[in-house]
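Per-chain residue numbering starts at 1, and chain names A, B, C, D, E and F are given in the order in which the chains are listed.
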Amino acid sequence: MTDDILMDIKRDYVLSRIRAGERIDGRKFDEFRPISVQTGIIEKAEGSALVKLGNTQVVVGVKMQIGEPFPDTPDRGIIITNAELVPLASPTFEPGPPDENSIELARVVDRGIRESEAINLEKLCIEEGEQVWMVFIDIHALDDDGNLMDASAMAAIAALMNTVVPAERFEVGEDFPLPVQDLPISITSLVVDDKLLVDPCRDEMSVGSNLMTITSDREGRVVAMQKSGSYLLPEEKFYELLELSVAKAREIREAVESQIAKGGRNGEDEES
Amino acid sequence: MEKPKLIVDGKRLDGRGFEELRPIKIEAGVLKRADGSCYLEMGKNKIIAAVYGPREVHPRHLQDPSKAVIRYRYNMAPFSVEERKKPGPDRRSVEISKVSREALEPVIMKELFPRSGIDVFVEVLQADAGTRTACLNAASVALIDAGVAMRGMITAVAVAKVDGQLVLDPMKEEDNYGEADVPIAFLIRNGRIEAIALLQMDGRLTLEETRRAIELAKKGVMQIYKLQREAIMRKYMREGEDYEGSAEAAEVAKELSENEGGSEKEGGQSEQEVKE
Amino acid sequence: MTDDILMDIKRDYVLSRIRAGERIDGRKFDEFRPISVQTGIIEKAEGSALVKLGNTQVVVGVKMQIGEPFPDTPDRGIIITNAELVPLASPTFEPGPPDENSIELARVVDRGIRESEAINLEKLCIEEGEQVWMVFIDIHALDDDGNLMDASAMAAIAALMNTVVPAERFEVGEDFPLPVQDLPISITSLVVDDKLLVDPCRDEMSVGSNLMTITSDREGRVVAMQKSGSYLLPEEKFYELLELSVAKAREIREAVESQIAKGGRNGEDEES
Amino acid sequence: MEKPKLIVDGKRLDGRGFEELRPIKIEAGVLKRADGSCYLEMGKNKIIAAVYGPREVHPRHLQDPSKAVIRYRYNMAPFSVEERKKPGPDRRSVEISKVSREALEPVIMKELFPRSGIDVFVEVLQADAGTRTACLNAASVALIDAGVAMRGMITAVAVAKVDGQLVLDPMKEEDNYGEADVPIAFLIRNGRIEAIALLQMDGRLTLEETRRAIELAKKGVMQIYKLQREAIMRKYMREGEDYEGSAEAAEVAKELSENEGGSEKEGGQSEQEVKE
Amino acid sequence: MTDDILMDIKRDYVLSRIRAGERIDGRKFDEFRPISVQTGIIEKAEGSALVKLGNTQVVVGVKMQIGEPFPDTPDRGIIITNAELVPLASPTFEPGPPDENSIELARVVDRGIRESEAINLEKLCIEEGEQVWMVFIDIHALDDDGNLMDASAMAAIAALMNTVVPAERFEVGEDFPLPVQDLPISITSLVVDDKLLVDPCRDEMSVGSNLMTITSDREGRVVAMQKSGSYLLPEEKFYELLELSVAKAREIREAVESQIAKGGRNGEDEES
Amino acid sequence: MEKPKLIVDGKRLDGRGFEELRPIKIEAGVLKRADGSCYLEMGKNKIIAAVYGPREVHPRHLQDPSKAVIRYRYNMAPFSVEERKKPGPDRRSVEISKVSREALEPVIMKELFPRSGIDVFVEVLQADAGTRTACLNAASVALIDAGVAMRGMITAVAVAKVDGQLVLDPMKEEDNYGEADVPIAFLIRNGRIEAIALLQMDGRLTLEETRRAIELAKKGVMQIYKLQREAIMRKYMREGEDYEGSAEAAEVAKELSENEGGSEKEGGQSEQEVKE
């Protein structure tokens, strides 16, 4: 009961600020929270990254295994993306098999990577029709302060860029870096009345979860879109989202790249 | 498998033009037990939708005291695809069920049915690309057939990019080998497209192509919308009964009475207008 | 509450009619509802049929795959029968894994086909001990207005008779019709006091679900029986059921055969 | 595997005649925690049954305000068969549990125990054909041992057709290679067969053979019934206690007092007669 | 409610007796209930035993299969221990997949056998890296009157000692007895205040389930320990448990051995 | 794989002495959504713990009217180990969760929070032997960070026997090829070890070795305990806030105010002392 009243008050407050042209944390409508990307934090994984988007934190680990290719793509590696919304990350997550939210999260992140052809899957063929590399991308949410989607997509591509294919351990040649050839960025916005708020934080989502995620590649092409949430989106708003998301992705891609370039293989401060 | 050429001499593999839909067949009220139902074919897709409710929700803690709880279950029959599908939900069908439910939720007048549940169950008996949009089209008709009050009709279609060309309503080969797939659903009300209810995309499109895909989808759904309405009208004429509650049904009925001389239901219609 | 009262009234009405020697829909006690059988309705399946028994509707699709034979029958194909009582078909069905009712349905249909040797399994051996055809019979209920059992059994055998083994697609020779050599028919009756009602409809089952299913082959031999429902069956009633079911099966078999002969590969009116 | 000859010189593989049962051993009251229990061997079948209840049902929404809810769980131990069985229910055990529960439900006086539950759990420790009927025989004794009021005894046996011959109580080879298998359970009351409680069949029988199979089963169950009663009597004598509630137990007790000179329980027995 | 009151009364009674230096069934604090071990009771299993510890009854069956070895132990057989707390055995057990109690039971029994090297796993290698024997130890509780742990551990080792490896059936040589080379015994004690009660019965556990299981081998070495239950164990009490358990194990081992020696392949009285 | 030599020239493979811990790093309060949290490294182990509660328990029938219900979930990330682990609980993690919960339950003042639930969730991001003890150490700090009242600190470590030698805090190779592994947790209160909270063992130890293993573990935990307290202090100083409710936190705070000149919290501390 008390919780409901608190939620109501929070929602009213958030809405009144938005209508006054402001966000509760002082950001501009098209402004992301501070981004931190640390790669290589899980030595036992073939690749890994911890992404912080404000207080939202996601770890992605990449593991490689050898398996059989799908019959219709005998010369291509396989991507398997999985998300666990472990109950550690939010009071609303419960232990158990993946629910529709974690499935959607994994599938939208997967589509961004797959459709941008971020991984050159042909280079992951070991023996056509027999053996190919399987890339397991495991998304592990640690703290859900909103927009797990974009944080997960960033952590996934950063972890992939950090991945070394363990060919020696599997006795199929020499280790080599995973061939990553694009850097898709997903931009999620919250639609509130006629306003679009990129990178919504948890408190902002008290007004509802009217979300749109648009992922684009280096060339500024759209590679994945997902309307998520029970709402109706006016057509003109969608075109606005489209422009905004592709432009914003360019900016965020630069930030991510510079963070990855800095290295970040710095176990010492990964939690500070 | 080698990618086949998908456009030959300016025509698609099945002879269609770029902006042409596959043959569509819609029939409302095909099941006895369900409160509303619809059978729909779109190309080789064969879809059956059923609506139960508004009805009581069990267990009680799943009830919402302020509005109806909507469930949507997209399910593929094991024999609906080339390789037998293991029965039961997989990750794909869980995601489709989620976005489809979210497309219908803002359109159903949930607040009229506190504490109750409205269940939309859709079975894909045969799949041939575009099942999620075909299912939404069937679900929408089944909801109206069940007399569930709605703010309008949900009508959906997919657009694909194949061999560099945007095409409407891709069939299987175009879906498998195409460069992009955009399933999209609109709310249509009084014959006018009002908003986007479902939108997903995977593939690779420029901004400009994305915009054109939406425009192409809009052309497609207006044709499908007409067929949805006709299916409801046929059922209505067959039964000579009033479809209560739904704005869409009321509109259909009004049109019917105006265009086709039916008159005995006019009183009821204005009531429905008010209700909406 | 209201539902319970309605159920009570319905039950009392049904019972009073039965005691007066009548059925609520005017049928004779040993009369089936109108039967419609359409085959070949699912082009993607190797075989298929839609059966309507009054308002009850069931689709059965047959898919063929190649697999290993069971060790104790190295030269015989394999039948796998599965039923999904999808929630579309009845307000009482819930989503989820098969419950005891759908399991019983699948197993009784399976026994009728298996024990009548309707499929010549020896002709489904590709390479002894290595490769045999697996016949997946999937029962998909669409509308449960009573007696799903008999409708499913009819749809299953009709779909099998309609099945072409896709040997070419699997590159093991030429396509050939599934070798079907019998036409088992199951007859389900509702036992009410000393009356036996064949092919009970849903409303009739408001008086209870005291059912007996007896399946017989072309030669009039019994190939499967299943008492279903919590009731006690007097021995003499059972003998009556036995005679009735085998006689009735003959009549229904003829109807089914003539419907199949008519073709029914008529996509245009399968739902009309 | 080649089908072996199952009948040689007019005898079955284990030397039995056509109408002969395998050796049977029944003992009631073998478990401490359960309210009633029974250990039963029939050939190489080794079965243990336990009954809990009448007891409270959790969660509450599973209660029936007018009568007891019966559960029946047939389960095979992983080591009970040649090839280790994965633990947990499979489709076969779900079906057996259903038809077994339906055999017992009309015999248990459920209406005496509103809102409560009666659980019958049966474990197959070793399986050798005819487990479902052996389990029902054990369950029936366990129910009486638990003092659950019943309308009579459930006694079950299977009949098979092997090498063209109907035989009683088939063992493994006869089950595997036989032409038909008919498991059947009867309600027996005051020593008289009153009705069929369970009946399944798979195989191929003429009408006439089917009738004869039932007749053969009836001969078999009368012998088993005697052993069930003796097991209850032995437990009764061992404990010197009254089995309350059950008509069958009351009858056994009466017989006991008449035949074996026990007398101190006569008053109790008439009470039980009334109760039934 | 009534149940709760009864439980309270029982607990108070048990406690008062313990504080008076007595156990409710008259045993000494370090005294086991009567032990009965019957082996070979399940002919279809490769090995089996029924153990009774007072009224507690457990059957263990051993089945052998051929499988691939683990990559890191290519020349050793595999032990798989599983426990089913079937609802038959206790009013508190429910049908369903193994819960934490049955998992703990199986794992502690497994550790005792594995760590004492009771089975010579090297002798279960058929072809290094390819084929080894898998030993399935299935614990099937029949009656839980307390201390299922020790009864299960005894039944497991007794069943293993009774096991014949069915090499002939699998066509890999001649049958031979499973090479068992130790006889680990687990001793479980209930900690009540400063008292230690070995082999607690169900009624004694009304005071709580503060348990410690210590398993030792023939040489008197500790091979497994498990504190089970939500309680704090004073260090000095632990040392007391240690001495007590190893000493007691010696005595129980003798009893078990003499029972096994007696045979017990006596189907006639296994339930008497 | 051949067993490597684990002790060379009196040193362990990573150069540690027998009684030396791996490097440890502890940080409290690392998550926003959780009520309390802790990040911990111990060698290559990387652990994150979160505490939610005391909070309402759903569904209601899981509530305990007299005390809080504790849940503990130990979970390994799929990428935490060499071979990818399938997501979700396995038998090992179920057992670890059980014994870990049982270690914390008698230490948490459950009776202060009737009808509520306290959830402890621990994720292993990277595993390198000794994860269950590392997780308990993190969980303990997270509980104090959440302000949950506790009777003291739970501090845990493992002892192993490798190449005949008892060693403290084994890393992966020592765990894989060692002769025994003894994970153990103690309740520490006011700087004194008071009791054993968790104790498991597998391997082979003489009685004397077992006793010495406990003694060795005691040395180890006193060092870890110090680091746990420091982590809490750092968080406390960072936030300048009071940790309410916990005896351990109160003690830390007192020490802090004494040793480091903080004084504004003294009133609050005595209150906490009373509370405990």
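Worth pointing out:
The rule is simple: contacts are C-beta pairs under 8 Å (C-beta built on N, C-alpha and C of every residue); 3 or more make two chains touch, one makes a residue touch a chain.
Every value quoted in this text rests on a predicted model; they were computed, and no experiment measured them.
In terms of the stated touch criterion, chain B and chain C have no partners in common. Shared contacts of chain A and chain B, meaning chains that touch the two of them, come down to nothing at all. When the CA atoms of chain C are superposed on chain E, the rotation angle comes to 120 degrees, reported as a multiple of 5.
One simple way to say how far apart two chains are is to compare their mean CA positions; for chain B and chain E this gives 60 Å. Spacing of chain E relative to chain F, judged by their CA centroids, is 30 angstrom. Our note on geometry: chain A versus chain E, Cα centroid distance of 49 Å, whole angstroms. Taking the mean of the C-alpha atoms as each chain's centre, chain C and chain D sit 30 Å apart.
Shown for chain E are the residues in touch with two or more other chains, namely 98. Annotation for chain B: no residues touch two or more other chains.
A ring topology is adopted by the chain contact network, closed into one cycle in which each chain touches exactly two others.
Traversing the ring of touching chains from chain D and stepping first to chain E, the chains occur in the order D, E, F, A, B, C.
Against chain D, in their complex, chain E makes its touches with residues 41-45, 48, 55, 57, 59, 61-63, 65, 82, 84, 86-91, 95, 97-98, 136, 138, 140, 142-145, 202, 267, 271-272. Residues 72, 98, 100, 103-104, 106-107, 111, 114-116, 212, 217, 220-235, 238-239, 242-243, 246 of chain A are the ones touching chain B in the complex. Of all residues in chain F, only 1, 91-92, 94-95, 97-99, 101-102, 105-107, 180, 182, 187, 193-207, 210-211, 214 touch chain E in the complex they form. Against chain E, the residues of chain D that register as touching in their complex are 27, 30-34, 39, 41, 44, 46, 48-50, 52, 55, 73, 75, 77-82, 84, 87-89, 119, 121-123, 125-128.
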